[in-house]
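Order of writing sets the chain letters: A, B and C. Residues in each chain are counted from 1.
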Amino acid sequence: MQYTVHFGQVVKYIPYLLGGAWLSFQIAFLAFCGGMVIGLAGAMAKTFGNRFLRGIVNGYVTFFTNTPQLVQIYFIFFGLPQFGLVLSPYEVVLVGMTINAGAYATEIQRAGFLSVHRSELEAAETVGMSLLQSVRYVILPHLAKVLYPPFSNLYIIMTLGTSMAAIFGVEELTGRSFNVNATTFRSIEVFSITAGLYILVTIVASFVLLYLGRWLFRVKGKVF
Amino acid sequence: MSDSLLQEIPRFFTYYNCIFLLQAAWRTIALSAVGCVVGFAIGFFLAILRITRERHLLVVRIPSIGYVEFFRRVPFLVTLMFMFFTFQVLKFQFSVFTVAMITVCLIASGFVAEIVRAGIESVHITQWDAGEVLNFTLAQKLRLVIVPQAWKVILPPAFSFFISFIKDTALASQIGVIELTYAGKVFNNKGFSAILVFGTILIMYFIISYPLTRFGRWMEGKLGVSKH
Amino acid sequence: MAYLSIENIFASYKDDKPVLAGVGFSVEKGEIASLIGPSGSGKSTLLRVLVGLTKPKSGRVLLDGAPISYANRKALREARDRFAIVFQQYNLFQNMTALRNVTVAPIKVKKRNPQEVEKEAIVLLEKVGLGEKLNSYPDELSGGQQQRVAIARALALKPDILLLDEVTSALDPELINEVLDTIRLLAREGMTMVIVSHEMAFVREVSSKVVFMDEGKVVEIGNPKEILDHPKTPRAREFMAKILRH
């Protein structure tokens, strides 16, 4: 084997890569928030809307959860200009990931709504709570507990999903690793360090989400 | 624009283009299916390694935990790049399809290992004790008692993973595997309307994935009711 | 000399908190000893030690004069030839019929002749009153029926001593009696048993010896009348007062 591993050459790029990780985080976070908003709207529509509205939401969810995010983004990236709409790669990826996330978020939220048992609401009524009070003290805490784990999971998945932004030239973590690879040609070192950074980032995210969940919503769980 | 789109359709759906698309679809299916089957075998084995309570195998447990966490916490694209260049450096003359296939199997095994572990842990611990006091060996406990009960908890998420895995194979296009997404890029580069091209690709993925999703739901329903 | 002699057993769980701190008592052949006491007193742990699920830190167990070792795999197997245990719940293998539950160990572990084993298993299941339920799966059986199958399964390996760990505690009240009847039957047949139970009336009726445990130690031993009606030690009296209040 003529290739000898030289991590030294790549290690100096770690700050640069970390800058990319920050961008990855931004994309994931924004898309996640946007997705949650869509999810709420979608879940509401499915629970309270008429048949037509439910059909549209169903179609949206079914389509976007049965097709790859990468191709969805390709569609937007190359398709939008045909409508005369030109967005930057960053924006395209953000829009694409948000729409994709919205479909999964809708499913998660809908399952959450369905999990609220009527008996809980009845119990709240018998104790004399008004509708507003029962929402605030019974429904929301229950929902938070039920929704938190799947949403945490979705967030981690999305963090990893930001990696495909590199394909469109966005200089998040993976994108920057491509740059470093092109500069140093130390492929194994570059990608193993990048992998390590993703592992680090997701482990930190997992722990943060875990403690946040325990503190805010008293949701139990573990990372490993 | 919609006029030109309609005009493009017959130019796009020529015999050769369709064959090309179907071959690409076939590669997508192959990557997913083989990846999941092989991944399941490896993952199953890893899960068993992990649940054999501390005792003798701690040395093997920690690397297996590391392995599982690696493939679950690194994006598909990065893992793929890593594998691609590693094989290149080691002078393995693998085709991109083979590289993608190997990567897919390894990633799948990481996820399956977690699913199987959850399934095994869902079996009440007293079932282990009951086997233990009847002097079952570990193999007997797993084969006769634990795994037959863990199946029901393993199958739905495993199948659901399989379906989502089909979507992940889209990234294999980035190292040059001629699967569906790559086919999309090819036609897009040739000048066909992106909406037509990628719309078709999306629909093809949908046709592969949706029936499986429905089947998965049906299966979940049956597993919930049936006993053995 | 006593048939079963438990001497000075010390045991603790992973966090080093002592669960058993010098437990000892003896049981004669054909005798039924009941262990009573508050939760956490180590009663179940003692049974687990006897059957080799929990390793004792020190102490001795003697059966018919010979010491029982739990030191290695082989010793554990032999120990389990002598002691059989029935747990509080989740005893039965959910994926096997009642008959299969009883026959699986003699066939797969002891490598005995399947036809013989099956004949014996049918006899055992009939003895516990489940001759009609041979091919039923656990989720088709009531809790009481499941526990009776579990007892049959324990007896299939012809143990010297049967250990029953709160076998009725997880049952609905109306199902408890069928299990107690089975235990009464075994008692009449002279099976040596160590029972952990909260059913004080049953303990009084069926045991020849009652062992009161608290905080990992044996606090008082005596016959049922002595311990249950006239406990000598303050802790035993406290416990009996609490139990008998309802």
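Definition applied: a contact is a pair of C-beta atoms (placed from the backbone, for glycine too) under 8 Å apart; a residue touches a chain by one contact, two chains touch by 3 or more.
Note that the structure is a prediction, hence the values are computed from the model and not measured.
Between chain A and chain C, the least number of touching-chain steps is 2.
Innermost chain of the displayed assembly, by C-alpha centre distance to the whole-protein C-alpha centre, is B. Separating the CA-averaged centres of chain A and chain C is a span of 53 Å. Annotation: 20 Å between the Cα-based centres of chain A and chain B. Chain B and chain C have Cα centroids lying 47 Å from one another. Across the complex, chain B is touched by residues 1, 3, 62-63, 65-72, 74-75, 77-79, 81-83, 160-164, 166-167, 174, 177, 181, 187-188, 191-192, 194-195, 198-199, 202-203, 224 of chain A.
Listing the residues of chain B that touch chain A in their complex gives 1, 65, 69-70, 73-79, 81-82, 85-86, 88-91, 163, 166-168, 170-171, 173-174, 180-181, 184-185, 188, 193-195, 197-199, 201-202, 205-206, 209-210, 213. Considering their complex, residues 51-53, 76-77, 80, 84-85, 87, 89-96, 104-105, 108-109, 137, 139, 153, 157 of chain C touch chain B. Listed in rising order, the residues of chain B touching chain C in the complex are 124, 126-127, 129-136, 140, 144-145, 148-149, 227-228.
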